[in-house]
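Take a look at the following structure, please.
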Amino acid sequence: MNFLSDNAYGAWPEILAAVVRCADGTAPSYGADDVTGRVKQRLGLLFERPLEAFPVISGTAANALALATLCPPHGAVLCHAEAHIAVDECGAPEFYTHGAKLIGLEGENGKITPAGLAAALSHLLKGFVHHAQPAVLSLTQSTELGTVYTPAEITALADLAHANGMKVHLDGARFANALATLNTSPAAATWAAGVDVMSFGATKNGALGAEAVVFFDPDDVGDFEYRRKKAGHLISKMRFVSAQLEAYLDGGWLARAAHANALARRLAEGLQSVEGAVLAHPVEANAVFVSLPDGLVRRLKDGGAQFYLWGPPAGGRSLVRLVTSFATPEADVERLVALANSEKMHRG
Amino acid sequence: MNFLSDNAYGAWPEILAAVVRCADGTAPSYGADDVTGRVKQRLGLLFERPLEAFPVISGTAANALALATLCPPHGAVLCHAEAHIAVDECGAPEFYTHGAKLIGLEGENGKITPAGLAAALSHLLKGFVHHAQPAVLSLTQSTELGTVYTPAEITALADLAHANGMKVHLDGARFANALATLNTSPAAATWAAGVDVMSFGATKNGALGAEAVVFFDPDDVGDFEYRRKKAGHLISKMRFVSAQLEAYLDGGWLARAAHANALARRLAEGLQSVEGAVLAHPVEANAVFVSLPDGLVRRLKDGGAQFYLWGPPAGGRSLVRLVTSFATPEADVERLVALANSEKMHRG
Amino acid sequence: MNFLSDNAYGAWPEILAAVVRCADGTAPSYGADDVTGRVKQRLGLLFERPLEAFPVISGTAANALALATLCPPHGAVLCHAEAHIAVDECGAPEFYTHGAKLIGLEGENGKITPAGLAAALSHLLKGFVHHAQPAVLSLTQSTELGTVYTPAEITALADLAHANGMKVHLDGARFANALATLNTSPAAATWAAGVDVMSFGATKNGALGAEAVVFFDPDDVGDFEYRRKKAGHLISKMRFVSAQLEAYLDGGWLARAAHANALARRLAEGLQSVEGAVLAHPVEANAVFVSLPDGLVRRLKDGGAQFYLWGPPAGGRSLVRLVTSFATPEADVERLVALANSEKMHRG
Amino acid sequence: MNFLSDNAYGAWPEILAAVVRCADGTAPSYGADDVTGRVKQRLGLLFERPLEAFPVISGTAANALALATLCPPHGAVLCHAEAHIAVDECGAPEFYTHGAKLIGLEGENGKITPAGLAAALSHLLKGFVHHAQPAVLSLTQSTELGTVYTPAEITALADLAHANGMKVHLDGARFANALATLNTSPAAATWAAGVDVMSFGATKNGALGAEAVVFFDPDDVGDFEYRRKKAGHLISKMRFVSAQLEAYLDGGWLARAAHANALARRLAEGLQSVEGAVLAHPVEANAVFVSLPDGLVRRLKDGGAQFYLWGPPAGGRSLVRLVTSFATPEADVERLVALANSEKMHRG
């Protein structure tokens, strides 16, 4: 019963097969190969516009490289206070941007609001050399807390960012999960809503290690390719990363994310009947955040469930994160739900 | 009526004379001169212990170099959310530390509390490679909001920091103002309370441009001297900076800070009787933060008073910062007070 | 006829199979998995000593992370003027070390000599704050020019480096090719000869993208793990990189490198009889550097041979690099040799 | 007899007086003051064109900030192998540029030649992501070895640099000494010859610590002001630095440099008659490089002369550097010459 993270699971057979397929013969190195070219075309079709796309092997690399391309060293990246880039990348964006500042904004359910963004901007004087200059708004989709921005919400935030001369970055490590929920086109959920650059994730939804940095406006690419090289992220046999992305795009990525989402909803539903369990956030993607009594946490762990506490326990309760994936067995979900409800039954 | 900043004022005659005095003949370059050596001795006497001290020419340089020496690139510096290093140095600490993370803590009147520090630490898992690792607690004394930590308050914070393997840095750009208020020894206000390294400021209190980075434990110096050189802050004719510090230490630095503090208290007192004026923070050093109706703000400006708004106006009121210095004319203070009270008189 | 680079070729079937094998079920993320643990053990057995080993996905990442761990920002890395780290990584070491200096040393056949190293060190004053401080000697094995250091040569250089307080790094992107030539134990070729840290390459010899940074002394690891994370090189599904390394170590890596070396020797032999062809360096690994008349270069390219010119043509001649790999078809080698010799035959 | 460096000497009385003069009253901080504005105008008149100029307090800061503004992290700065930026700034340019590469070119008498520059450029492939991209040519005037580029020499180099898309930087720490020798206008020696940005030095020729970064094309300024702030080099009481520059420009800076140059020529002349003394480079500014037998070196030191060895002694001889300044007493020069010639007299 592994609910630690979607990255605890492996990879699709179709992705593995694609990697194996391109292992024969020779190919140009460092991304000049045919597969890499096709992935870019494929993403252009998916997003219904010309774009630039660059494969990398980790979400942190995708985010940090994208942000460094958009944000000068004296710039600021505004993001949610609980964003992955702010909390879980050990300062990768600060390293890659050469010391830009990440400014974390509060906001319910992991989502930034226009009012929160406006308030933060009102304290950063434009052109005032002592203040880090707002350069990028980074949104996470689905959010770190398992919620999803609607296109309208993104548009409102992106309009405000653009009006202040900022670019909009989308951390799409779980973009598939968000899109499966939104039921809109990839275009509508991204550039049409104001996103300039995104980290298009495939790893958490079933690749070995493959993400793409997608620039919806080729003018934004700037020196990205030099940055990627200088960081050791331009790998020589790039076709093996690109092949994953190609197979991912061809292989029902949205359906698999929808599966994970459905399991999360089932989990949430099943836990709602548990005494003392309180859902912390709406369950809109593949993660459930639920506050549980510490006794129940212990019992679930003893019963074989693996998951993370989200922050330190307090007042006899813990906030628990349960993540489902493309490959989480439905039986595991049912087992966890049963385990959580068992005390009630015993008592009954 | 210049209340913009203490750095709007010039320099003491004694400091200028000291600079002129050491302009003849030759001296070893890059800090190997006698004056620089004497300044270190002088600071050792002042703080009643052996120490290492390095002159630099700006507070931002002092802070950023000190922090970079103590905090690895994967580390975090915890400070007040309104600290100078967090807000007004355009990311200098992030640049100098090569991308460490500054984590801003809330706290009334510009002061961090042990509870606030403990809460922040509870979210940064020790040894967890995804989290920036808490490395330094940076306190500002006097604070950015014109208040002063007592030695006991510093001790409580420093003990918590040390217990978590962190070093304690003091941004003492206005240390003189704090000490003049505390009426304790420099030792009691710093290392005896748990401060490991401080930026000892002289510029705001009357030097041309002279600060010293003081390491109370020589083992903490590490590669500071290389960092200073690499940053272009090891100036060739260092004696001219050191001479300022020597004259500063010899020349009644505390009395002059006390003068600035007294003027600030007089300002606060004089403004309290003004209708609609609300002091925002206790006035414990040389700055007054007062919320004023926008009409009054306009009237003061029209009357020739210069000062900064602290954040954007809201609800017809503005938070105003008034700073006094070693050289602020007492008459200016009285004029401002009279100006602020004049409407009341008109009405009367 | 692809002689552009050994990274133009794909991957061993055994390595692909190993990746496929570990795709099922769940595993701890970020390198806490069993496969990663076994790789470390396996490398310890190979090198006959306890060590620390960390998988990464590119040679540039391995080199830059290793160097940054050993070399402070104010340090210098001494290497051959034509080393990959100096010429072909777009300044990755400078980025990762936060601005350390790479000092390129001349030396015949891509090899540094003790005299050259001593001369360079004599110009870098120890403890002199204006000079970058020598921190690391980086050797490439096999070298960028297809030659191989003997253990005795490494020992002489490493002794000099250690005597000057420096660490010794080995860029082993083609370590397999060097070892296949040396016919000594991995231990004798590395730590026993004075190497402290190495980039153990597998990619060029048949992995998808897998290298290991090996610390022979665990005390040297320092903050490596934080650096890897901060750079986005700690990938979530690390087992897929580690599985490649495990299969590599189990699967005749030396025999495959020996095959590549034999093809290079055959190429060199076959080109020696060509009029106007002059071998530039001894052929000791899997690369042939040969000076050819530009007419012959054209003819080879027209005949379908792919290879790089090594520097700009001059005086009607070009220096050509031909690289063989674990998978280069023997027939390609014979075809190239025949093509190069064909003019002679026409003339005859 | 101090011939260690021109920075061993103090400051002109006129410069000290100017600093004292602007210590009264208040002034806008951070360079918004009148004096700083006048210095920019004054430099514009001197160089006969509109320009942007920013005071800083050290030559290393001026160089590193200028280079970082012109050279991206993936760029290369080409300079002489013995340039101050390459050898004596502990990697400041690498730090400020966030890891750009300095490429040192050989060239007689400390001067780069067009052929040497062209050769270096031929090895750095344009647009090739693996190679640092040539971005800046940095020339030192007068050079590190006491020689001077003619405007024609600068033009030839600058034309080549511009044709390759590079900018041209001039390290003018001793620009006064060069100009005093050249007897051309400042314009002719700089922008008219192709210089884009210069570090205009005053410290070595008699300021306390004052240099100006001069951009001859305002479009090149880019984010310079943010970089200066972020580095702690935007000092609050900037007027005290600017006042030095104003007094310097008003006070016979060229005549004082000419004095230093004349003393250097006298030294060279006086040493030429010494047995075993061999001038290493033409004496065109205020430094003499002379190879002396070690016995003579010892005798000079015993006699009270202070100077640096330039590199380690070899073969019983040492290369010695003797620097003269605006304030070097003529008597010291004669004393050194007499001391050096005394053995001859003894023998006679």
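In order of appearance the chains are A, B, C and D, and numbering begins at 1 in each one.
Here, a residue touches a chain if its C-beta (ideal position, glycine included) is under 8 Å from a C-beta of that chain, and two chains touch if they have at least 3 such contacts.
Every value quoted in this text rests on a predicted model; they were computed, and no experiment measured them.
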item: Higher-contact pair (C-beta pairs counted), A-C versus A-D; value: A-C
item: Most distant chain from chain D, judged by the mean position of its C-alpha atoms; value: A
item: Approximate Å spacing (C-alpha centroids) for the pair chain A, chain B; value: 40
item: Chain A and chain D: spacing of chain centres that average the CA atoms, whole Å; value: 51
item: Centroid distance [mean C-alpha coordinates] between chain C and chain A, Å; value: 35
item: Sites on chain B at which at least two other chains make contact; value: 73-74, 89-91, 95-96, 98-99, 129-130, 226, 229-230, 234
item: Interface residues, chain D side, partner chain B - complex; value: 2, 4-5, 7-11, 13, 16, 19-20, 22-29, 56-65, 89-92, 95-96, 203-204, 208-209, 226, 229-237, 240-241
item: Of chain C, residues touching chain D in the complex; value: 73-74, 76, 87-91, 94-102, 122-123, 129-132, 311-312
item: Touching residues on chain B, where the partner in the complex is chain C; value: 30, 72-74, 98-99, 129-130, 133, 223, 225-227, 229-230, 234
